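Two complexes, one shared chain (chain A), two partners (chain B, chain C).
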Partner chain A sequence: MNKFKKFGSKFLEALGQPFVAILISLGIGAIIIGLSGKDILASYGVMLKGAFGDGYYLSATLQRSTALIMGGLAVCIAWRSGYEAMGGEGQMIFGALVSALISYYMPGPGVLKILVGLAGASLVGAVYSVLSGWLWEKFNVTFIISTLMLNYIANYIASYLTTYIVKDPQSRDINSIQTGKLIEEARFGKVGGLFQSEGLKNTPLGLYFKDFNVHWGFFFSLICAVLVYILLKKTKFGYQSKMNGLNSRFALYGGINAHRMLYLVMILSGIAAGLGGAFEVYGSKYRYIDQMIFSTGYAWSGMVGALLANFDPFGTVLACILLAGLNTGGSAMQRSAGIPVETVNMLEGIIMLLMSVKLLHLIVIRHKVRREDRKKTEELIKNGKEAEA
Partner chain B sequence: MNLSLNYLASVFNSTLRYMTPILLVCLCAGVCSKARVFNIGLEGTLLMSAFFAFLTQYFTRNIVLAVLVGMITGMAGTFIIAFFIVKLNGEPMIVGMAVNKFAQGLTTFLLQMIFHTKGTVSDTSMKGLTKVTIPGIKDIPVIGTMFGNLTVVDYLAFALSIIMFIVMYRTVIGFRIRCIGINPEAASSLGIRVPTYQIISTTLSGSFIGLAGCLLSLGSVTMFMQNISAARGYVALAANNLCFGHPIGALASSALFGFTTALAQVLQNSALKQQLLNCIPYISTILAMAVFNYANARKRRK
Partner chain C sequence: MTEKIFEMRHIDKLYGSLLANDDVSIHLNQGEILCLVGENGAGKSTIMKILYGLEPPTDGEIYVKGEKVHFHTPSDAMAKGIGMVQQHFMLFENMTVAENIVFKNEIRNGLFMDRKRTIETVKALSEKYGLKIDPEAKIEDCPVGLRQRVEILKILYQSAEIIIFDEPSAVLTPLEVESLLDTIKSLAASGKSIVLITHKLQEVMAVADRIYVMRAGQVVAERLRSETDTNELAYLMVGHHPALRDISAPKPGEVLLESKKLSLHYEGRDILKDIDLHVNAGEVVGIAGVSGNGQTELELCLTGLQKPTGGQVFLMGKDVTNASVKEHREGGLAYISEDRYLWGSAGEGSLAENVLMAKENRAEFNRHGFLNQAAINNYTKELIRRFNVKAGDTDQKIRELSGGNAQKLITAREIMMDTPVLICCEPTRGIDIGAMEFIHDQILEKREQGCGVLLVSSELSEIMTLSDRIYVLFEGKIAGEFKRGSIDEKELGMVMLGGKRE
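Let's look at the complex of A and B:
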């Protein structure tokens, strides 16, 4: 019984906090929608339907969540180890650009193009991530400043390259700043037709999944989540990095090589972010388009997801799918109700703010302290009475 | 390139105009770092105050009211950050990023709802901040260019950095705030109400961010566009790191960043393309911090 209770409280602690945060932010969102003179329930209905309503919308959500999950995993690895790096965006931009270029210009069969492109994306992501680690170790430039600045630099450099150097040769439109489109063989295939066999076709499940069509990148990101889980929870490195995050001095005292730890963590998180950019290219855009990562805010939403899940890989996957749903649903809301999709940004901000303070924790702790105080005073009174008697 | 004296004077002038928003934000960051409130929500606060100042001016055409609204927005944003960090014990990084993200969403949302656009809003009939012309100086050729086109708030920014120096280093309140930064427990044992001091001092300094926001949207150009702050909040954070939160040092470090931004603008007609020029302020931020920290570390070792 006790064990069950312990598990229950653990479960509540992990899920209650994000749940409350999301609920409150949706409440504030309702107020905003109400103030702008729209029907609240109808808007949220459209949002829910546009996020998970049927197979088509679900696949849009899952496709969007791919990059989010990879960005979130990158944050998981880095932040859990105590390095509060936010360079996922820059790494993702370079990952996307490099993979798009390699797969466009390299000759050879499609599979090889994809494989070399993925390798290139992870390499460039790792290098860009290590750069901020190096700046920190060697020159004491804090992670916040170096990574944020590197994000802007990456975006401008990628923009420069796509505008002047590697612009799509076949493009007739001068205003489209993008690289060449990948050939059919050098793209991720799609997974569709789930539950469409004769027997299942007309069941609710079959009807729901009728237009379901998700690229392989989403499943690769799930595999990455499993790998990160194994890495963080089941290996020596995972334990060491956690110790480093909890107390770096203790970790140093315990014989952990801080130098090696820093670079390993940076490389791994860089690879995750770089791959996220590459998945986006192979799965949905098939080319690098200027501002495609910067303006969509994939890396930032991924970070919010990781925060919601308290840096747990599987939790990050769930939270990222939810956040992606918020965004695709938000787009649907924009189309039908005219409420800009940026509202979702606001909601994400509020969720982050509420997650930062461990709201539920505060309430529970206060409650506990009060109860214990009461108990103590009661005991004192009782003891006092006994002494009198 | 024509390197006449007049040309250099105009570079100096744009350096001044680019540095003042950073200086103002840097002063706020200085107070925050001295009071041990780690604030990276400067960027979002700046964006929000720029927006609300613009909005007020757009609808009321009352510049004083617009500046006031900007300042109040700055104070409100900083108050939320300080309250969440100090009172509710929130993780500072996350609180700051949350405010930045929220500001981004809020400004774009309101831009869409009120002006029905996602890009730039400008109104030529709108008046910006009052320009100051010093009577004797205006007609002197070079010096006239150097100090032309500056608004009241620009001059106020320079004055504020001196005022903040006096407040932080020559008054009891300033000593108490710095004492909190050095050792909160010791300050608390002396009877200083640490959380109250932290929240009030940072909130008041948030009004500087409001002024900086006014400079962005109502300064030399009266317009608002999506993400107008363009990482100035983060740059100011870096500038504050360089000067260790000292108000007079902030003058020097923000001048450095003002100059690099001006440089990017000056080189616009050269062979370098716009996108690469836009990198200059960001690259120089990293470089400046790296060089400065490295030199400092070496000095300390000796």
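Let's look at the complex of A and C:
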């Protein structure tokens, strides 16, 4: 009983903030819908239906959530270890571009194209992520600055390449800035036709899943979440990285190699983001299209998801699916209720803002601790001076 | 002379569920030096914070010169002539002594501050009370003793009648303490009324007129100095007579930890210079010194957290001068850091996570990189039980424990490393006598087992009680080495200040 109670309170504690954030943003959304003279309940009903209403919409939501989940997992790995890296976007862009190029230009069977493409995406994600770690360690460039700038650099490099160097040779449209389309064999397959056997076909379950059709990428992202969960919660590495995040001096004191920890964490986080970009290519777009990661805000939504879940991998999956649903549901709301999709963008903005309060709180606390550490060190040195005087 | 200048009646103070003051009634007579003594956490600072307007009382009444008052801020208290010299000084580092003293009550010349007159006023004030200072010196260039003097002058400048000192000697060297006690006496002689909060009984016996002893939030005794002695006061403070230790003669074995010409040069200064020390099996070696003389850097160099710029360190005969912390720990070193929150624990981490540190590679907890959570929890529970830590479940956060209990758990973790060498820095700083005695027992137990213990402490009595040999650290150099019994506390104090032994 006691154990149950404890679990319950922990659950509430973990979910309290995200729940409140979503509730408040939906409340503000309701006011705006009301002010524009629309029926609030009906509008939200349309939104819910457009996100999870049937197999078709659910598929759209889950497919969108794939990249969010991978970006969110990248944030979980890095932030839990105390590195506030926001470079998921840049890593995702390169991951997507590199996998699209490898699988388009490399000869060989489709499976091989995909496997090498995934490896390439992991590698480039890891390298790009390590770059910001290196800048931090060597030159003391804060992660927030370096990763944000690196995101822009990645996006414009990718733009340049797709515009001038690796532009789709088949495309006649001068305005389409994209790489060549992958052949059928070099794409992720789809999972569909669930519960469609004769017996189940006409049950509610069968009817719901009638148009369900989701690419493998989503399921791969779930597998990644399980792997990250095991890595963070069950292994020595997970323990050491958490301690490093809570108090890096304590980690040093215990004999944890900070240098090794930094690069390991950046590599793993970069791999997750890079794969996220590749999944988007193999599952949805089948090529790299200019701005496909940058303008969709996948990495940022993923970060909001990870923050909502307090860096818990399974929680991140859930939060990312919800955030993806907000987006697909929002498009539906625009189509049938005539409420501009900007309203929904605003809702996500409000959630992000509310979660950012926590983000800010987190960063402020960490910086405060660091400031205090520095002050303490300075004091130690100054005391030494006094003793000398 | 017996007019009550302030009186506090039936004060209660509740912090959450902790009763910090329980029906405390005290008063101060005009021109008197009153001492509040008690262990850490007895509630003596709390009651004075209430008087000074820093904390509101939960219940009770305060009278100043017979008039009932309600203070909401220290300025309210100051307006009634009450000033407090706090443990942490509130001074502007980059401003001068005079500017700090007149802050908020500047002497103006039209719109501007009249510097000349300010300096003259401060000089006159300093001469009047015999508190020598240089009004034009910057605070950042003043040592701690002088800063405290500035704090006192600041209060006098605001014409305080009642001056509260909160553990004023905690930050001072023995010589500075003596001068402070003289100051206190002369202030009282000039008509000021003084409250001195302390747990150092020698100071009490040197200056007090009257004494309140506090324990667990209550006043347990009131004594005139003339009718008591340190023994009785110690008994009243703790509630029992402190155990006298019977320490067996040392049987030193081979050298376990050794440094040769260990030096640390930083920004053009020698923080450590040619430190030669060694710790043998079966002995406790103390490092005495006023804090800030290189102790912190010495412990960091000996544990691998800081690379020395010169010299060598040997652990179990192996050169570990440039080895990692991990290599030090695996080579047979356990280490209780001087700062349990900065280095020694992760406050937001669970008890189990804090206990696991540096043991995560052990086969009993780690199979091929995967942690055995059940074994870790059981081990944590065992440590909590064996070391009498007052704690809840193993997933409680360590910052929720009291300082003494957190320190016990950290001590437990390091002692249970079962290493031949233990470096133990300020192991009992800021914790109560019960926990302190327990930790001392553990250190001596380690010695009995034939391990070598290096004890770094700024608490002289701790060093004197536990150490078989004492090195004195002064300005980053070893200023002397003494065997147990070959030096008394006073002589050691002289050496700590750079003096020679008479």
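The rule we apply is simple: the second predicted complex is superposed on the first by the 344 of 389 C-alpha atoms of A that agree within 3 Å, B and C clash if a C-alpha of one lies under 4 Å from a C-alpha of the other, contacts with A are read in each partner's own complex, and residues count from 1 in each chain.
As a convention for this text, a contact is a pair of C-beta atoms (placed from the backbone, for glycine too) under 8 Å apart; a residue touches a chain by one contact, two chains touch by 3 or more.
A quick note: this is a predicted structure, and the numbers were derived from the prediction, not measured.
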Touched partner set for A:Ile93, first chain B, second chain C, both or neither: neither
Chain B versus chain C as contact partner of A:Glu84, first or second or both or neither: first
First, second, both or neither for A:Glu348, with chain B first and chain C second: first
Which of chain B and chain C A:Pro340 touches, first, second, both or neither: first
Per-residue contact with chain A, leading partner among chain C and chain B: B
Touching partner for A:Leu58 - first (chain B), second (chain C), both, neither: neither
Contacts of A:Asn257 with chain B and chain C, given as first, second, both or neither: second
Touching both chain B and chain C, residues of chain A: none
Complex interface listing, chain A residues touching chain B: 32, 36, 84, 86, 135, 138-142, 144-146, 148-150, 152-153, 156-157, 159-160, 163-164, 300, 303-304, 307, 340, 342-353, 355-358, 362
Sites on chain C touched by chain A in the complex: 140, 143-144, 266-267, 269, 271, 290-294, 296-297, 303, 305, 324-326, 328-330, 335, 337, 339, 342-349, 353, 356-358, 360-361, 366, 369-371, 373, 474-476
Complex interface listing, chain B residues touching chain A: 40, 80, 84, 88-91, 93-95, 97-106, 108-109, 112-113, 118, 231, 234, 237-238, 241, 273, 275-276, 278-279, 282-283, 285-286, 289-291, 293-294, 297
Complex interface listing, chain A residues touching chain C: 234-240, 242-243, 246-247, 249-250, 252-257, 373, 376, 380-389
